[in-house]
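Residue numbering begins at 1 within each chain, and the chains themselves are lettered A, B, C, D and E in the order written.
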Amino acid sequence: MRYTAFTSYDIVLLAQGLGVSLALFLATTIIGLLLGSLWAIIRFYRVPVLMQIVTVFAELLKNSPVLVQLFLVFFGLPAFARLNVTPVEAAVITLSGNTAAFVYVIAVSAIESIGRDQIEAARVSGLSRWQVLRHIIAPQAMAFAIGPLTGLLVNQLQVTSLISVIGVVDLTKIGNILNLRTLKPFIVWAIVGGLYYVMAKLVAFGGATLEKRLRAHTAWKGL
Amino acid sequence: MISVRGVRKAFGTATVLDGIDLDVHSGEVVSILGSSGSGKSTLIRCMNGLEKLDGGRITIDDFDVSRPKELAEARKRSATVFQLFNLYPHMTAVQNIALAPVEVLKIPRKQAEADARALLDSVGLSARADAFPAQLSGGQRQRVGICRALAMKPRYLLLDEITSALDPEMTSDVLAILAKLARDGTTMVFVTHEIEFARTISSRIVFLDKGQLVVDLPTAEFFAADGGMAKPRIAQFLSKMRKD
Amino acid sequence: MISVRGVRKAFGTATVLDGIDLDVHSGEVVSILGSSGSGKSTLIRCMNGLEKLDGGRITIDDFDVSRPKELAEARKRSATVFQLFNLYPHMTAVQNIALAPVEVLKIPRKQAEADARALLDSVGLSARADAFPAQLSGGQRQRVGICRALAMKPRYLLLDEITSALDPEMTSDVLAILAKLARDGTTMVFVTHEIEFARTISSRIVFLDKGQLVVDLPTAEFFAADGGMAKPRIAQFLSKMRKD
Amino acid sequence: GKLDDIRAQGTVRIGVSLGGEPIGFRDDKNNPVGYDVDVATMLAAKLGVPVEFTDVSGDARVSMLVSGQLDIVVANTSATLERAKTVNFSIPYNRAGLRVIVQKDAGIAKLEDLAGKKVVVGRGTTGESFLKKSVPTAELIYTDNFSPDGVLLLQQKRVDAAIEDSSLLDYLATKNDTLVTLPGLYSNDPIGIAVAKGDPEFVRWLDMFVSDYIQSGAYDANYKKWWGEKSNPPALTPLW
Amino acid sequence: MTFDLTILAPHIPFLVKGAVLTAEACVLALAGSLCIGTIVAALVTSASPVLSRIAYIYVDLFRNIPFIVQLFFFFYGLPEIGIYVNAFATGVIALSIAGGAFTSDVIRSGILSIDPGILEAAEVSGLSKPTIFRKIVMPIALRTSVRPLGSVFINLILTSSILSTITLNELTGSAKIVASDTFRPFEIYAVLLVAYASLTYLVSLAIGALHRYLNRDQTEAA
């Protein structure tokens, strides 16, 4: 009765799961990065009211479990707001918001890591706040942020696995399915873990390359 | 014209500027002398709107630097060279200099960078134009800082101890450049410790002591035995000058 | 004794020090003059082991600074004041000064902090002892940097343009302190742009030009018309000095 | 009503549990198969629309009904009074009993022997509440999915016993010679089709469907298909 | 759909027990990952190629493999080679190791943004490398990285909910049980949200205070 052998169909299934995870990760990362940066900019400009809202909202998002947020969006929106959301929509909404909240925190501390003296020099030469942000702060903040950001994205990549509970068939869910069928957890999780590892490596590699470029001006000699 | 009226500035409980009045008319070169910690840098920082005043008013060409809108105008007309250079570490010398001209004055990048190179050349730095600040010697950084201010072709130049890291050769080169700018009508406010320098270049000298402006005299009068020198505080200050 | 033998140092393709030989005997005070970018700071950085030599050898009291073990010994005997101060931004003035005595010399913290306050007092900074670097004026930071080096009671002092941010009053105070240390036998290597300063304090003057040591003479000879002044490069350099 | 909604939306979204054979699992092509899957397929056929399966586990199956993410759940759901407060059940289309599986060398011969032993239960299953009541001193070890987590714990001898549906455990015992099942069946739970509250007519239609399923002989055939020709399908009473 | 929290009243003690377990695991894991993270960051930025290589491999491995896979490996995998560790210890160790990888990354970033001149000043004053690291590098690095560190810690707390999969009835595990007892998932989720938010908010507050303390020189006069 039990089909414990691995078949070629499993590869198709893994590929599908990988595709779903990857697509979801990319979509939520892009939205999250944009949204999180936007929030940080709002804070940088000290836009009244909006800034407070953003702070509270980001606090809320990053301080609660993604799983719970996911449930609230997926079950809550239809039940309380009469808005029907598909599992994929719910996943995109939740994960984007969550990523954005953490991006916001990183962006804020990166902005703060830049010496006040430089900002002063730039302001005095007549650069507007926006120009200071773009030419002085952003490039250096990026160099600072790229480390934590890579860490965050790698983490978010794994967080995408939570969405299987609302029926999105992502890579982790595929792992579960195969594990259940074959009862060979080590092979299955080694393969699934390996795939996540490869995806994460790509993210980390991108981060490291970017960081090297952004830190061209300082040579860290090591301690 | 730069007008400073009754300016007060305190950090916490320490009053650093205590009712400063000072007018700098167009074309004038005014030197600010005073001992370390007397508030010279702070006064400069107030003039370009980096510190919030705790009292009084500063205008540049009638633009009040306490008002954000007017401050932007004031800053377009003035440029500052900082005591500690404050270069952008992620940009090369040329990029440091060209940034504001491109962004604020909307000069095409090509042009701005060519101008920057010309400026660097005039202070003997053409060979280091593409180095990052961390790769420059102290004096080289200071020269980049000076070029960065000059690139804005400002009407008003605020200079905070710009010769501190310069050797005598370089100092005289930079002075020559500034003297030429002064002849062309650029108004300058100098903070300096080099009294001879002040004597050579400035038309007026003011003396700060513990946040108060105790002397404000034309250069000749300041150094006259019956002028500034008559004040004991200044006589004491000047007497400590190396006798050379 | 500090011995520099055939030292070469290049950044990329640019040779910054090109075969330097220099001996500084115990009790001597040697000034290094030279134009901006001539390699003065780099030479100091080589002496305290911050730059890897591309050639040659430097020893302090016979400890080779290229060997990690010996470098530690060399550093215990020497102290450096930096051109750009390099204060620890997260520590107050007192903490900046007391750190190394506590950690390296194992002086009890209480004692070390009391010593630090005494030092600060001697440079007129007792009121700012508990301020962070960001809250200090340029000259104040420089004085903290000087105190930090003195707190180690070093046999060898390496000083890179320590007076650049000091006003004349302060300069003469600091000089007095250093002169006393020199009398007590501290060996010093100065980098300076102030020729008069060099003339007053140093027993020997060396002149760097484009990474080469072109002159090494006792002070009196250096300034003698038939000594250093006879060399055109130096005459040119000195002639640019402000005539005062 | 719901019937019209389903026809209007063109497919029926049915939640099934693919957590263990023969109720629901995946074949070598990873397609859902099993007893429940067959029931759901028949149900969709009677509705006249194609089916869209979602693999649901644990408490999500109830939540997804309530929030309207699923139309129907055919997921081996025991029809308890507690659950009936939240969702509606059809008449039973199957029955299941709780069984206990133990390590051969653990010295457990009857239910009472579980006292003080480590027993695997699924969070929120009927097995959990049964054991809490009948052997309060047993040490419960919670997993979200009996398979594979509970199975691994048993295989690694880190627990003494487990309580689950007989269908799963009987199969497991035949595969592991260190494990045996206790003879008793500790319940006879009705398994019902669950739907959201608020549409009695739809429940009535489902009752008719199950009655038809039983009477037409489809039940017998389906049961024997999955539990073997020699098995005895539990007696089910049609309403209609 | 009604929303009635009073239903949960009888289950509160049970949930509190779960929350306490979560808190215990998290406090231990936070301390663990801070220790590991600091040491690893020191190794990564050290001048020794061997040490930094080793540290790099550690970070690489534990940051890039999903936590749940690591956890399963520790809990279900190690027994296969004869290593039995109980669920709680497994959870704390796994969290510390994974958290340590993320922590070290953040600290490394902070270290790299320190002005090299400051380190040179420390070096020439004869301070030993460990002292420089303790007294200069770490305090300055922490100044800039407290906030991202806060995020990592918060993430760690939230990640601890995965421990429910290795039989621990921490907050999430208990909530799942209560949810299936009461069939009131919304109320449970709401409680869960508040519970985790409170736990993490405590961390946020502490981080905020620490941030202000470490950056006190940036504000105007003391």
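Everything below uses one rule, namely that contacts are C-beta pairs under 8 Å (C-beta built on N, C-alpha and C of every residue); 3 or more make two chains touch, one makes a residue touch a chain.
What you are looking at is a predicted structure, and each value in this text was computed from that prediction instead of being measured.
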- Where each step is a move between two chains that touch, what is the least number of such steps from chain A to chain E? 1
- Listing by label each chain that touches chain D and chain E gives A
- Note on the structure: Maximum distance between Cα centroids and chain A occurs for chain C
- Task: Report back the single chain whose CA centre is most distant from the CA centre of chain B.
- Result: D
- Note on the structure: Chain centres from averaged Cα atoms put chain B and chain C apart, in whole Å, by 28
- Message: Nearest whole angstrom, what separates the Cα centre of chain C from the Cα centre of chain E?
- Response: 46
- Message: Nearest whole angstrom, what separates the Cα centre of chain A from the Cα centre of chain D?
- Response: 37
- Task: Provide the C-alpha centroid distance between chain C and chain D, rounded to the nearest whole angstrom.
- Result: 83
- Multi-partner residues in chain A (2 or more other chains touched) are 71, 75-76, 79, 116, 143, 185, 218-219
- Multi-chain contacts in chain C, i.e. residues touching at least two other chains, fall at 84, 134-135
- Item | Overlap residues in chain D, where contacts from two or more other chains coincide | 63, 66, 152
- In the complex of these two chains, what residues of chain C are touching chain E? 45, 48-50, 72, 75-76, 78-80, 82, 84, 86-90, 99-100, 103-104, 130-135, 148-149, 152
- Query: Taking the complex as given, what residues does chain D use to touch chain E?
  - Reply: 58-59, 62-63, 66, 82-83, 85-86, 123-125, 128-129, 141-144, 149, 152-153, 156, 158
- chain B partner contacts - residues on chain A that touch it in the complex: 115, 117-118, 120-128, 131, 135-136, 139-140, 143, 214, 216-219
- Query: Taking the complex as given, what residues does chain C use to touch chain B?
  - Reply: 11, 33-37, 40-42, 83-84, 124, 128, 135, 137-140, 143, 160-161, 164-172, 193-197, 200, 236-238, 240-242, 244
- Which residues of chain D touch chain A in the complex? 18-22, 25-30, 54-56, 60, 63-64, 66-69, 145, 147-148, 151-152, 171
